[in-house]
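Residue numbering begins at 1 within each chain, and the chains themselves are lettered A, B, C and D in the order written.
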């Protein structure tokens, strides 16, 4: 008896878009496994050419409404290297607060609105709110806090307006940050409670030996902007070496490129990678709770990415308060550099992992070449890999469960909001 | 402590709705809190919940109910179109000046109305009918785009039966059933005999129609500009001379108008885009 | 009321300021942290009033720099009596109307300019006529302390409009800083009483008064526009139908509305119905401008669909209609609309051109 | 009332603004039925829908087909954001050679299918209302939704950003620093965010209701900006709107 299992998940979405998953298994052999990206191409790398270096952060922010800040940071960092701008501590600190704000907002969105319903076999957050109203209310409050931070410092949470190359458009005043600080204690409490709730979720058990790639902060903090790129399998390179070590490739069924480490294969970037590679840099308060529930790095089960994400939320709420306490208003809102021809690259940790940019500009500051490698692109090939590893289990499940399982695997990577694929239609044909 | 009394809307009940044309209804409105007045020419501000305020002329008073005839042209009026008998709306007013009924005592009255412009003039017709002896001849010239756009058709017979009343109707474009006049309202002007020394004209309609009517009345009928009254329409956000929108030259249409003696407004009325 | 000029020093100015501390909200000029213009805001201490700065104002340009005497930024006392956004009433389903309550605080305008005091006089006429409840409530609780302008700016023309550079009416106390001295004048009984309490003040000597007059006279010459207000409404209206003229005058106008927003007397507003999910609606009043497209739009047409007509409405309202409506001109010559016009249109030149035709 | 949310070429930022209505989200869900929202729910209901919110520009043949289907299934179609109302930032390719662009971005350009231009919904179907901005302002979105719930056709102000800037009390960056702020020709809606950070507006909300774009460009020329810089100023997420296009074409 031949047994054919066909799983067709449509629509599935990319960082900012649409995609599908198609799986065909015949007699236990995988005939087809495609995580397809059908999102309309938007040609950012092309229309950036000829634009002024100053415009780039605002443009690339528009690649993704969920994580515009790292887009602005990676591009600014690349330009700042070309222009030889040294970013002072005050501005670095501000940037970190803003980024943590985005992590809080983006992670809370994913953990509670998109991911948690999976573990409770629910369709969406509205259903979750019916059985766990307190949890949802707390999560929404926490998410609002993330947005509040971005609005205070950035003007708005989607495509903030205050960031520029060299710093910010105006000095962010202490008083403004004090207002954020007032909220911190309360939100730390919320984050802690929610972390404890997540730690008690029933999470599927798997164990795989994957490669995790993340930044490592030069000052030993939890990684945010810039630093070495490290992995649990011994990779340790500078941002400048990224393009030499990571290769991009394209598959015919997808408008998204995908990545692998040259000569080695696919890898994971994102919260679970940061967590595993930088566990010591997490705030002690966070580790204490994790360990009290029996968790610590490395997490080798990708379903536990939800734990890494929630840990980062709590970490962020604590760090924001610390940085505000140390904050001194910078003298100048931004540092001006010398426009000259050159090439530069920059990486930062987006909520979903390493975001790498590189640019070449001419002597008048107009872009000649742009290269952007977002985390979801990097994870994409690995998502297929991850599904592949779990195929034996998937095909032995009843149809709905198999369907949900594939979706869950994809959602573990939080491939941006669109890519959270809560609405993946899975078609499984068994014969 | 202070409150903005000027803006307090009073609750009122729609007691009857009559369809006039495809897009125009007449509402009979019963005040629920205090009496609502309104003299011919004046307007009230109507407010469907959450929609916004619209100024609408008084088109009649019947058994203590006030009548408003509304054409549905935009967001707020279309909201009104969904209101039925028994609906509650907000209302404030009355505001604005009145038709020169006092000055018209013992005078002939010439009414020229275009489209929805008959609504503010209907109370004048009713007043003349009621106190027939106090006024001279009544002439009504009314025009609309098509026969289907004529307001108050069910009352036309009543108008023509008013003693010593001439009533002419025209449409820009007739249909198979239409046997009456065809042409813009100014084509009716030659049909009436006007004594320029003894006639007060009251005009309301679209601004271009008013421009041509006034011109004809002065040039062809010899009416002095001080004997002509027009009712103007402007955007109004407050109705009480605060918001600035309704200004025509130095005049606030909501307070100094909407009814203006033509001699007073002429200087501005004739200027393009004033 | 005796209009005696009293003499003191900056110490007495501080004493005057301190008299209001804790008793009233004091509004005055300040350069808030990180700001790039002088703003009217709440002051907690006399020392917050800027010193050693000057505002360089030109058509379409404003810059703060080192200097001795500053004038004003773009905001005026208007925003305190006629807030840019104000909830008027709340309507609940079934049309239950709940008015918002206003309880304005006792307020002192400290160190505002003569033109601003004159603007309040104009607003008194427009808003009182209008029975504006909020305005009247706040206005009844205001004390006006004016600083006379010894050095009018490049966009000022208060002299022409008869509102400055020395305040002559509509204030409680006016003061003038001249060569290290501060001269005080009372403009109301209230002001006189306050001044009497400051014992150190002495009547100014003749020499000081002569010095004062000389400074004010020089200032007067610097604040003139190239037109006069004599018969201005009539002169302007002669050209009311001259479309080409208005097109030429508004050639650079962007229709952005900045001029009306910064004007200390412009009073137009719109009311929005802000509906909320919990089934209540706030009727909110916002500043509006005759330069917005919707301003003169009606259901099926537009009364002023082109920029030149809007521009004419603005000029004629200020310099002609206003006089007919409120028996006063609508402009005080503060020059804000000139400085803050992004296109740098010089109102003075345009009024001049419009009043004689081209 | 059944609401559906759709997405074409875009960054998802506008629908994120819907999710960012944290406090109101559950309240909205109580008033209306969120029938189709790929980003938020596994449960997808079939049309017809009372209101469809559509994000993103039309840029592939499939999207065009889907748009017509959405139009048929929706009583009230609202375009949200610059992409859906103006073609979005990806409309910058409308000025370029598409094949060139494909080569720049993709290793195998022949695999990429797309329409020649990225266009707003209104170029293809009747749109009942537009909420503009890149991204839209969630307060405006909420206002529009609550107006519809109350039974009113939606309304949003269309005047210049300068008016909002002054209502909020921000100091003008154009006048104080001579920086090329587009506020005078841009529609209000964001809350004058950039001026609040002393930054010139770069026009996320597109043209206001009577935008004097050519005159403003002329102003900038007088302030010393080069033709190229002026055309770049107008060539951003709202570049495909007629009044902005006019400047881009004249100054490019």
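What we mean here is this: a residue touches a chain if its C-beta (ideal position, glycine included) is under 8 Å from a C-beta of that chain, and two chains touch if they have at least 3 such contacts.
Everything numeric here is computed off the predicted structure, so don't read it as measured data.
Participant: Give me the two chains with the most inter-chain contact pairs.
Facilitator: A-D
Participant: Averaged over CA atoms, how far is the centre of subunit B from the centre of subunit D? Could you give it in whole Å?
Facilitator: Going by mean C-alpha positions, subunit B sits 42 Å from subunit D.
Participant: Could you put a whole-Å number on the gap between the CA centroids of subunit A and subunit B?
Facilitator: Here the centre of subunit B sits 65 Å away from the centre of subunit A.
Participant: How many angstrom lie between the CA centroids of subunit A and subunit D, rounded to a whole number?
Facilitator: Each chain's C-alpha centroid was found; their separation is 25 Å.
Participant: Let me have the rounded angstrom distance from the C-alpha centre of subunit C over to the C-alpha centre of subunit D, please.
Facilitator: About 37 Å separates the centre of subunit C from that of subunit D.
Participant: Find every residue in subunit D that makes contact with two or more other chains and list them.
Facilitator: Residue numbers touching two or more other chains: 147, 150, 152, 198.
Participant: By the touch rule stated above, which residues of subunit B touch at least two different other chains?
Facilitator: As it turns out, subunit B has residues touching two or more other chains at 49-52.
Participant: By residue number and range, which residues of subunit C touch two or more other chains?
Facilitator: 34, 272-273, 275, 281, 288, 294
Participant: Which two-chain combinations qualify as touching?
Facilitator: Every pair of chains meeting the touch criterion: A-C, A-D, B-C, B-D, C-D.
Participant: Help me check something: in the complex, which residues belonging to subunit C touch subunit D?
Facilitator: 34-37, 39, 60-63, 73-75, 79, 84-85, 252-258, 261-262, 272-279, 281, 286-289, 291-294, 307, 339-343
Participant: So in the complex, the part of subunit B that touches subunit D is made up of which residues?
Facilitator: Residues 48-52, 75-76, 78-79, 82 of subunit B touch subunit D in their complex.
Participant: Can you list the subunit D residues touching subunit C in their complex?
Facilitator: 24, 27-28, 31, 142-143, 145-147, 149-150, 152, 157-160, 162-163, 166-169, 171-172, 174-178, 181, 183-185, 198, 208-210, 212, 215-216, 218-219
Participant: Give the list of subunit C residues in touch with subunit A in this complex.
Facilitator: Its residues touching subunit A are 33-34.
Participant: Under the stated contact criterion, what part of subunit C meets subunit B in this complex?
Facilitator: Its residues touching subunit B are 88-89, 91, 93-95, 97, 99-104, 129-134, 136-137, 237, 240-241, 243, 267-273, 275, 281, 283, 288, 290, 294-301, 303-306, 309, 312-313, 316-317, 320-321, 324-325.
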